[in-house]
Every structure is written in C-alpha cells, then in structure tokens.
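Inspection log for the structure reproduced underneath, given as structure tokens.
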Amino acid sequence: MEEEKTAMKRLIRLVAVLMLTSMIFTACAPAAEEPVVIEDEWGLMTFTPGSKVTLGVSSALAGAYAVYGQDMLNGVDLAIADFGGTLQGWELVSKGGDDGCEGAPAVTVAEQFAADPTLLAVIGPMCSGSVVPASDIYAEHNIIMVTPSSTAVVVTARGYENLFRLVANDDLQAEVTVDFLRKDLGLSTLAVLHDQSIYGQGIAEAVHGKFAAAGGDVTGIEGITRGDVDYSAVIATTLAGNPEAVYYGGMDAEGALIISQLRSAGFEGVFFGPDGIKSKPTFIDASGGAAEGSYATFGAVGGATGYDEWEVRFTELYDAPVAYAPGSYDSALIILQAADAVAQVDSDGNLVIGRKALADKIRATPFAGITGALEFTATGDLGKVSITVFHVENGDFVDVKKVDFGD
Amino acid sequence: MTILSSNNVTKRFGGLVAVDQFDLDLRELTIHSIIGPNGAGKTTFFNCVTGFYAPEEGDIYFNGTSLKGLQPDRIAHLGIARTYQNIRLFANMSTIENILVGQHPRLKASMVDAILHTPRYHKEEEEALEEANRLVQFVGLVGLGDHLARNLPYGAQRRLEIARALASKPKLMLLDEPTAGMNPHESAEMMRFIQNLRDELEITILLIEHDMRVVMGISEIITVLDYGVKIAEGPPEEIQRNPRVIEAYLGRGAASGLGQNST
Amino acid sequence: MGFDLSSFIEQLLNGLTVGSFYALIALGYSMVYGVLTMINFAHGEIFMVGAYVGLYTINRLVDVGLYDSNRILAVGITFIAGTIGAAITGVTVERLAYRPLRRAARLAPLISAIGMSIFLQEFIRLLPKMGEAITGITIGSFTLFPESLQQGVVGFLEDFGGARVKTYPGVFGVGGFDIGDIHITYSRVIILIMSVLTMIGLYFLVRYSRFGKAMRAVAEDKDIASMMGIDIDQVISRTFLIGSALAGIAGVMVGMFYLQIRPTMGFVPGIKAFTAAVLGGIGNIPGAMLGGYALGLGEVIGVQFLPAVYKDIVSFSILVLILIFKPTGILGEALAEKKM
Amino acid sequence: MKKRIASVTERVKEILSSPIGRWAFIGAVLALILIIPLMNFQQRAFWVRVIGYTGLYIILGLGLNVVVGLAGLLDLGYVAFYAIGAYAYALLASGHFDTHISFWLVLPFAALLAGFAGILLGIPVLRMRGDYLAIVTLGFGEIIRMLVTNLTDLTNGSQGLIGIDSPYLFGLELKTSTHFYYMILIFVIIAIFVTQRLDRSRVGRSWVAMREDEDAAQMVGVNTTRYKLLAFAVGAFIGGLGGAIFSAWQGSIFPDNFNIMVSINVLCLIIIGGMGSIPGVVIGSFALITLPDILRQFSDYRLLLFGFLLVVMMIARPEGFIPSQRRRLELHAEEIAHAGPSETITEGGS
Amino acid sequence: MPLLEIQNVHAYYGNIQALKGISLHVDQGEIVTLIGANGAGKTTTLRVISCLLKPRQGSVLLDGQDLSEFKAHQVVNQGVAMVPEGRGVFSKLSVMENLELGAYSRSDKAEIQEDLERVFEIFPRLRERRSQVGGTLSGGEQQMLSTARALMARPSLLVMDEPSMGLAPVLIESVFESLIEINKQGTTILLVEQNAHMALQVATRGYVLQTGEIVLSDSVEGLRKNAMVQKAYLGIE
C-alpha cells in the first residue's frame, strides 16, 4: 500500500518532469536562470513562502446531495496525497465550499474562493445549475475551474476560457445510447423517464430526440418526482405503451427504485441509463438484484490507466467511490501538474503562477488519467472522449462497448 | 317607525332549527330585549342580522333595505354594530387602535394615500384620532388609551367593545349580554349607560340579557324565545306575568333576580 | 390509450399502497396537531429514523443468522426495533424542542420543528463522521479513547447512519400472483394488511382506551383535563410516542419494500402526509386515514389521465378543490365558529 | 467583573432606548453598511455578496411579513411569487425569446404580475384558516415550481434560463455584486418605508384587526375579503420584485432555485426576527441568511448547527429577537392579564 | 381540623399581585361560599387550590396536608374536584366518556359503577343522554354533566366556580337544589359565585373577596344583613 503510493508518486513526478522538458524543448523557451519579470495576461497568483496552496472544491457538502460532494472532496484529497502533498515545496490543501447543488450559494462560494489568496484553482461545481452562475464569477476573476460532473450542453457553450469539464456532454452520451439501442440491441420502441432535474431531463430529452430521429418509436416521456419512493403509477403508464426498452435520465438512487419497480410490474425489457446511475452501491446494490442486465453509459473513460488499482486504494481510505471521485481526482491532478509546470519562484522567493499560463497549459497538455486519456478542446470540453456502455452482470458493471469521439 | 324588521326568519343547523319563523319589529329609538333559555336562538338571530349566518327562509330589512346576501362588513356600513357575549376585542391592539379600527367604515384614505402620506390622509388620521379620544372619554376609559385591550380590566373591556361599536356611528346596536359577569352595582351603571346611548346618541338598542333586573329595568319591549320560537312579546310587566314565560324561562320563584329587591 | 380495467385495478392497488404510507405518517401529524395544535414538521424525519433503526437491526439479524433461520421472527424484531427507535426519537424531540414552547406564540413551535427536521436529517447523515471526530479527540499526545473503542464506535455508527443510500436486504422480493389479468405483488398485499390492522388498532385505542379518552380530553381543554387528574405532559408524551411509532412502522415498511433508505427520505413523504392530514381534517384520526388513502388514489388516478409530471399538481389541486367546498377537510368539524 | 458587564449592557440599553441614541446607532450601522463595499479587505467580495443576498431576503421578508405578520395568513408558498418575478424578468430580458426589455420597465411589470398571482392564490383560500391555508399555499408554491419545470416551451424547463441581461442605469451596466449591493439597499429602504407606512395606516390596522379576530373585524366594517386579497397582493408584489432582482443579479435561473426551502427560510426569518416587526425582519434576515454563511467554516456540520441553532433561538426567544411594538406589549402583558379561557396554562405563572 | 384551610396566600401573575394574603377555611360537611366581583381574585384562588398556580407565599392545606407539593393533575387524587367556570364539558366526548374521565384517577371499577348510578339518580336527565356528545347538551344539562363528572372523582371537597353563570333563572334554581342534595349526601362544597342571591340561599357561611383580599367573613345571615354586601352584591340601595 505504502509502496504503491510512493510508486504512484514517482510515476506522476516522472510524467510531470517529462512534460516540463518536452514543453521547454517544443517552446524553445530561454532557460530561466536570470530572475525574469513574470507576466500574465490574466494576472498572477503569488504564494508567499510558507503559505498554503489551496484547491477549492465547490459542491454539495451538507444536505441532500452531500454524499456526492464528499465523494468529490475525497477524490481531490487523494490526488493531493498522490501528488506528494506539496507543489514545489508549498503545502497543498483542499478546501470545500458547500453550494448545496444550487445557484445562489455556488456564487457565494465562488466569491469566497476568489477572495482567498492561497487559491490555485477550483474543482466543481458539481451541478450544472451551480456551474452556470458561478462560472461567471470565476471567469471574472480568471480562476481556473474544472467540473468533473456537469453535463449540460450550455456549460461550455459560453466561451469561457477558464472553464474545463471532465465529462462528455449529454449529446454524446445520448448518441451512443441510441446507437446501442437501435443497432446493437436492435430495438425499435423506447419509453423515456427523467427526474425533472437539469441533468436528468437534459439527457433524457436528448435520448428522446435522437431515438426518434433514428427511426425509433418513443412510446412516451414522463417525469418523476425526486424523493418519492413509489413510482408504480408512472411506471404503469410508461409500460402501457409496451416499450422494448426504458431509458431513465437521472441519478442512481431513484434509478434503483425505478428498475426494481419496473421488474415487479412485470417489465422484462431493457433498462438503460446515463452515468448518473453508474454506481455499484447506490444503483446495483440498492435495487435488490433488479438491476441485473441493465445498461449504463459512462463518459470520458477510455485509455484509462490504473483505475482498478486506484479504486482499491480509494475504497480502503474512504469508502467505495460514489460517482464523481475519479473525475475529481483526475481534475485535481490535471491542475496540479499544469501548475507545477508553469510555476516559477520569483526573486522574493514567492511561488508565482500565471493564470492564463495555467489555463493554456491545461488545454495544451494531454493527460493520462484514471478516467481516460484526457485532452481539452478550445471550449474546455474534452477533445477525445470515449463513451463506454456498461452492462450489469453478476452485480457489477462490465464494459461491453466503447465509442471514441474526437479523433 | 320600524328600523329593523325580521319576517319569518328560519335558521337551521343540520336537523336543529335554531330560529323558527321568527318575526320581529324593532321600532326606532326603543330599547328592545330578547330573552330566553340557553340555546333558544337569541345569538343565532343576532348572527343572522349581522350577516354571519344566512337564514334559510325569511328576510330581514334594515331601514327598508333587505339584508339578504349582504356580508357583515356591508351591514356594518349600513349602520348596525354589535358587541359579543364573550368579549371579542382586538386583544393585541391598544384601546385607541381598537376604536380606530371601529371607525373603518367612515374612513376613506386608500393604500396609496397611506404610503405617500397625502394631505387627505393626514387630515383624516388626525380627525380619526380626535374622535377616538372623544370616545375614550365618553365610555370612561381616560388614561387607558395606550393599553393593550387584553390588559384592560373586565369592565373596561366591555366598555371598550361598546366604544368600538360606537366608532362607526351606528343607528342600531345589538348588545349581547352586556352585563354578563358584572356585579349589581356595575350592572346598574351599564343600564344607565345603555339608556344614555339611546337618549343622547339616538341609537336604537336590541339587547340579549339574562339579568332580569337589567332586562325589566330598561326594556321598553321584550321578546321571549324558546327553542327558536317566539313565545311572548310585550312590555316588561306583561312578560313577567306571562305563565308560558314563567314555565319556560323565569321559573316559579321568578323573580330570582327581580324579586330580590323585596328580600 | 384505451381504458384497461385490469391495469386500472392494478393502479388502484398501487394507490392504496402509497396511501397506506401517507395515512400511517399522517396519523402522527394529526394526533400531535390534536393535542398541541402544532405542525410537527420533523415528523417526516422521525419516519426516517425508524427506517434507520430498522435497517441496523435487520443487518445485525442477518449477521447472527436469525434472518436466514427464521425470517418471520427477524422481520418482526426489525419492525419492533424501528418502531421503538422512532418512538423514542419522537418523545425526545417533544421534550427538548416543543415542551419549552408550550405557551409560546403559535408559530414558534413550527420553527423549532423545522430546525429539528434539519437537525435530525444532518445528524443521521453525519453520525459516523461525528463519531470519528469525538472518539478521535486527543489532548496533547494523549488520546481520550483507546483505539479499539474508537474503531468500535465508528464501525457501529457507520453501520447505522451516514450520507450514503443504505439498502435493506430484499425481504419480500418482487414476487406476486395473478388474478386474471391483474398482477399483484405480495409486498403490496402485506403493506395493505399491516397498515389497515395498525390503523384499526389505533382507532380502538383512541376510541375506547383510558389513554384515548385522556388524549381527546387534552386535545379539547388542557386545564380541565388536568382537573380530571390527567397528567398533561404524560399524555402529550404518549401521543408523540404513538404517532412516532406509527411513523416508525411506515419507515421500516418503506425500507423493506423499497429497499433503499437515506437521510433525506422523510421530506417528501412528510409533506405528502401533512397534505393528507389536512385533506382529511387535521386533528381528526379517521380523517387522517381517509386523507392518506384519498391522496394516494388521487395521485395514481391523476397519472392515468395526465402526464406524470403533473401528478403533484393534480394532488394539490384536489386538495384545494376539496378545501374550497369544505374548508376544514373531509371529516373536519364545522370548526372554530367560536361560540358566540 | 460580571457586575461590570451588566452595568455596561445596562448603559448600552439606556443609550439605545433614547431617541438620539437609537438614531445614532441606526446611523452608524447604516454608514457601515454603506461603506462595506468600498472598504478593502480580503473577503470583501464575499461579504458584499452575502450581505447583498441578505438584503434580498430582507425584501422578501418584508413582503411575507405583510401576509403572515400583519394579516395573520400563514403562507408557506411565498416562493411562488419570487419565482414569478424572476421568470418574468428572465423571459423578457434574455436571449430566450430574444427580447431585451429594460430592467426598469420589466421590474414593475414583474412585481405587478406576481401581485396579480397573489390575488389569484388568494381567491380560493379566502375561507380557509390557519393550517389549512398553510398547506394550500405550500401546494401553490410547489405547483408554480412544477409549472416552470414542465412548461418547457415557455420556460426552457429544468434547463433554466441563462444569459439574463444586466440592468443599465444611466448607461452604467449594473453587473458586479457591489452594484447590486447598492441597488438592493435602495430597494430595502423603499420596502421598509412602504411597509412601515402601511402598517401604521388604516390598512395596517385593518390587517392586524383581521389577524386578531376575523369575524369581529368584519363586523366593524372591514371587508375581510378585500383586505386578505390586498395583503396577498402586496406581499406577492414585493416577492416578485425580489425575484426580478435575483434573476438579474444571478444572470441565470433554474426551477431548482425556487424550491420550498426558500419559503421556509423567509417564514423562519420573520418569526425569528419577531412576527409583524419590521426591524425584526432585518435582524431575522441576518440571523438566517448571513448565519449559514458564517457557519461555512464548520464545513459539513453547517446545516446540523443551523438546525440546532434554530431550535435554540426559538426556545431562548419564542417571541423573536425584536417583537413588534404591539406584540412586545402583549408578551409583557401575558404576565399581567388573568389567564383567559383560551390560555393553555399547565404549570404555574411565569 | 378543617377540611380545607388556606393560610395567608399571596399569588402573583408575573409581577402583578392577584391575592394579597387571603385565609379561609371550609369544615367538613359545610357549604361555604366565596363571593366577589369580576377581578376580585376568585378564579385565582381556585387556580391556587387546583395547583394550576403556585402561591408565592402561604399554604393550602387539605386535611392538614400541604397541597403545594402536588401537581395540578394530582390534586383530584387528594379529594378535591372542580366544576370549572363555563362548565368545561368536553364537547366532543360523550356524556359517558365525560363521566368516565371524572373518575380518571380511580381504579376501583365496582365503586365507579356505584358512583355512576348515584349521579344518574341525582341527574336522571344524564342517563337519558349518556351516549350523546357533550357539545349537543343544553346549558343546564352541561352544568349537570360538569357537576356529575366532578362527583365521579368521589371528592371530599367539591369546588364549584360560578355554576349559575349564563343559565336561565329557571335552571339556576334546579342547579342549587341539586347542590343541596349533593351536600346532604356528604360532600363538602366550596361555592364561588357572583350571584350572591343564590349563593347566600344555599350556603352556611360565606367570605367576601375584594381586590385580592378577604374583606368579610360571616354566617350567611350576617352577610345578608351587612350593608356593604347589600349594596354591592345584592343590589339593594
């Protein structure tokens, strides 16, 4: 365990060093021997000697969605530990900001982070509803933010150069889903359910549209109420159209209820969902066996290195990852490596990082993470994305198909 | 001249007929009492007059206007005011405020006036306050204007309730057991006060009362109700002797209240 | 979509099941309202605590093998444990957060209840974390608790609460039987029978027992009730006890039949049950049962004819319509015309 | 030592109770509030945001205070009007329909629209009292949220509305938190001014009378139907105003912004502050909206502490921090007055 | 030893003194009346006796035992039953249930049944209405029920608060007749009344309470002749 950790650390160091050298070579930058005047179009982050370097995590840390936020925070903490706990000698810390998965508090958290002189960058926010308003603040202050979870198409459509995201947007997941349903499984009727959230409804409607466009017959689209436990009424109307498959846009907990109630209502067809349901503890285990045979897509996984090993380590330290821990882990490492690469120590002994330099570095550097080979486009979306279709077999997710985008 | 007339008024609650084909002619400037055992329908009739209950049958006219279908606040605007058996003041408002609310039907300032403090608003509020202070004096509550209604002693609460009713300058006042809970001395004072209302302010009085001394002492005419039905009507002397009334209401020693004077 | 009788009957059955939950929880609202005229906003959380205590119990019974050897006994013990857990929580909440406010303005206990609701939810969620923090306290280099104790406590708390969705073992499975075209799952039948029996029991308790009479007397007039020799505090405590116990039963049922539980699970059913209690005429016990079933049925019938997203709109509209014509709920008394 | 502290608090009380002292205190607080955004300290932007947001809730609280505190109508669905105001502005001044109408034109419209919705809500609930009213209004709040979620063609459903225009004032784009801070401050002052004047007028008296005894109020000529609707309308108008400001400030809105917790928060703040009391609304907003942000340092224990403090505050001060003048007298009075028949006294006095 | 003895009781609501050191006693078998105007402190005295209000000074002794150590609901166990002002009938409970609650603190089933028969004898009207809900009774019947309910506790002392209030004259007579009957059967009665006429007809002794103080204590005959009583309470000028 301890050995693995140091091994990992060494590996990361190595990658970082390689990157740094490659950058120096490719950019033909002058060797930084003389104390140079450090400049940056967006301004500089200056960390005085002895100060900490903070990674902010904006997510739901208290209340209903806290379980996801805590998961993110754990992912970031593990990343900091794997990175060695310091950035060129400056101590690295994570700092959670509870946004409750809502807009207004997310903005408050953004202001709080923005005022923190030790802040390096932000991982999150988790929910699209918080990302949209909070990113305005981050953009205003040129703070780098990487969201591991917000899938709404609109997030990256506003031209913010400081914003990155580590998941595929709804459209791509929907495309793979529909393709799989139509071609691989050869199905022609589908009923769609969603949880009326930004995330769930967004992806459900995308699937709905694409399935119809692909010549399939959508027998109905219905919304459910989050927090209810008995969905038998809506399930009965859903099944009234005799669909071959049911697609559910939403999160794992409700997903588990829906699949088990679908099965007890006698539904024997295919159940399909997005990355929100791809959770072993809260979807497969919570469904009491009913989830067996279900499908889920999960984005950004492809070329992943060392995920299984990582999962073991993570589980040992915290608990099984819920949803966004891997993405948060990768997000944090991407930031840290880029920061390591562009950071300089000025003549006063301060660690100085250019904001735009950091953003450019992140955008320019491909990263081999546990969630896949990650590379960003100009808009902050993943350039090469692969979407994997998972099948639940014997109580676990097994990947059955992988589609690559962006090549 | 008749100020209030009730024609054939019937009010039912489920199977129970609380007021049964009740006729009443109330002449202007009289003091008229309604007596009868508990549950005889007296208060129910008050509630029909003031618009809280809609009678199933019959009609009530006030100065020739039918009250049918009118809401209590409209009826208040027409000039009828009342008090309650168990005092119902605005407990957490001051004496003055209670009276100011009582003046409601006579005030005209709108919400906009109130926000902008227009001259009209100022003038009206000033006059209203003046009038309220006058009423405080009239009912003998001087010095208690700022007290919350709920803090007033019992007798003062009764008087404040009357002052609030007077604030709308009514033509008819319905008093529901105004001397309940008072000792003979206080009751006598209240009797004089009620007579004053009629004599000085020219208000017609319709009274529900259990205290026979009060009833017999100030009423010009008495109506007796039993199980919603009018069983007698007439001047006090006549009622006192009416055998039906004695049987249903007054009892043999009838006099419980009255007769005591001779003890 | 044509009308399909068998699916309609299935839907009615669904409605009755959901209605049972609403009714069981609504009863607690109504009873508490009856004696204190306050909305116990934390009632949904008491239901949640019941589910958690039940989960802990059944998992231990699985560990010791009783669950496999005698399932009926294990389920019975689980129900009892969940019921007791909820009851204790309810009584404690009353004692700490409501009793000091017995004489305060009407809305003060409501706010206290809202605070309690947030507190309980977060308390269950943070249990393991708090356990870790407290047992991990060090004074200088001296640890206050031995490591084994710390592990034991944290282990227990992790088994008990925490932020994650927790799962009951699938006691009843998804099996069922058919009558003609109508498919009925065992679980629904069991829920229905259990709820109805519980409610009949409650009805007799309130109607005929010494406690029931005392409770109704306290609901009407506390001073006079105490003149009769009734200990008001005790009656209120017991009312909370019974109301919370019913919520606990509902909590364990939800766990057993829908498997998953989480700290936030009390909120939506809490609101629905409150709606049901008002629909039936708040403070009125048969009314709460009727309101629960009416709401459950109203929801499924609504979904038959309108998109499911309008389900809650339909149920609230039914509520408004009924209250417009009967402002005190279906069985509510022609209330509060203060005796004039 | 203890004595010394006591004498100091005594002295402070004395100063605050004299009119000059009180005005000086209010002036000092106001001056502090005025200059906060101009000061230079590390967390300035954060505090400007938090206090600005608190101001927004003061506006909402003043609106709901009319309905609950003055007129005595327990409204648990106040968020509906906030949502209507927010959506009205977002729809009329964004790329959604590509209409970009000026904030200053939409603002009164949004508020009027919300006020109208208040009347619509008011009509069916006229005959309901107390807790029946509470549940129906709660339902109304939920219905509005469900409608904005599901009327996708109009509101863009759960995906929300983004890119909402900033207001312009004399050519200046009001964009930063500081701008909104001052704008909200001005609206807070206006709202205090208006509600205070209403409270002390014939209208306010009628509301309070209705709260105290609806039947008796009607019998002295108060048209309770009209005054109930008026209370709903005024409350909703102010709520709609707050909603429009919110959507302009945040620049994007989603149905989830308008959940039931908003209503509950606003209700809690007016009760914690002291029902019917305008200074109470201000203090209550700081206690309920600022406090959770202060509790941020406790990270995930934040809500746990918040729930706990809510209970403690209520038990410590059941009448709220600053009970309204009328109510304060009343509470004092409880000790004086003989226990009336409706009182529920189980133990001895005090 | 008197059955009930109130010694120098001072009672307050907050800082307002409602009772300023009153003393009175009721002997076994008596009917004693306490006369006073509204606000004189009658109800406060009763609240003190029923332990709903703790006196700040002084004591209430029942059969020599200090009542102050008891809570309100325990007083009835000590043998004091109340007929509250306004009757206090549980309007949603049936007549039988009301009577059963009167015997709430007792567990002797057989004797309860006996007492039930006894009160039905005194108030035959209640037997007819036993299954009717309290709220549907007439005012006089409610007064009967309230009195019968108190008797169900088999009290040694029956305390009645304004039984004549709001009743038609014809009913007041019958209430007082039943009161005498109850007394004859062995129950001591403390009668708090405003209606001095009636109270002085049935009682043996009386006290006059004014603004929290006992100003007069005498036999009924003595009180009737007292000029102050005649003026303020009997209305004889």
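Every chain is named by a letter (A, B, C, D and E) in the order it is written, and numbering of its residues begins at 1.
Everything that follows uses one rule, which is that contacts are C-beta pairs under 8 Å (C-beta built on N, C-alpha and C of every residue); 3 or more make two chains touch, one makes a residue touch a chain.
Since the model is a prediction, treat every value here as computed from it, not as a measurement.
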Discussion item. If each hop has to land on a touching chain, what is the smallest number of hops from subunit A to subunit D?
Written reply: 1
Discussion item. What's the farthest chain from subunit E if centres are computed as the mean of the Cα atoms?
Written reply: A
Practice prompt. Could you find the chain whose CA centre sits the greatest distance from that of subunit C?
Written response: B
Response to the item:
Taking each chain's centre as the mean of its CA atoms, subunit B sits from subunit D at a distance in Å of 41
Worksheet item: Just curious, how far off is subunit C from subunit A if you go by their C-alpha centres, in Å?
Response: 37
Discussion item. For subunit B versus subunit E, what separation do you get between their C-alpha means, in angstrom?
Written reply: 32
Worksheet item: Quick one: subunit B and subunit C, Cα centre-to-centre, how many Å?
Response: 50
Response to the item:
Residues in subunit A with touches to at least two other chains are numbered 62-63, 66, 70, 196, 223
Discussion item. Going by the contact rule already set, what residues in subunit E reach two or more other chains?
Written reply: 39, 52, 71-72
Worksheet item: Where in subunit D do residues touch two or more other chains at once?
Response: 149-150, 215, 300-301, 303-304, 327, 336-337, 341, 345-346
Response to the item:
Per the touch rule, the subunit C residues reaching subunit E in their complex are 210, 213-214, 216-217, 220-221, 223-232, 333
Worksheet item: Okay, in this complex, where on subunit C does subunit D touch?
Response: 33, 39, 96-97, 100-105, 107-112, 114-123, 126, 129, 222-223, 226, 232-233, 271, 274-275, 278, 282, 307, 309-310, 312-313, 316-317, 319-320, 323-324, 327-329, 336, 338
Item to complete: Name, in rising order, each residue of subunit D that touches subunit B in their complex.
Response: 194, 197-198, 200-206, 208-209, 212-213, 215-225, 230, 234, 326-327, 329-330, 333, 336-337, 340-341
Practice prompt. Enumerate the contact residues on subunit C facing subunit A in the complex.
Written response: 1, 4, 7, 10-11, 14-15, 17-18, 21, 121-122, 125, 163-165, 167, 169-170, 173-174, 176, 183, 185, 187, 254, 258-260, 262, 264-265, 267-269, 299-300, 303-304, 307-309, 311-312
Item to complete: Quick one: which bits of subunit D touch subunit C in the complex? Just the residue numbers, please.
Response: 68, 74, 124-125, 127-129, 131-132, 134-136, 138-140, 142-143, 146-147, 149-150, 215, 260, 264, 267-268, 271-272, 275, 300-301, 303-304, 306-311, 314-315, 318-319, 327, 344-346
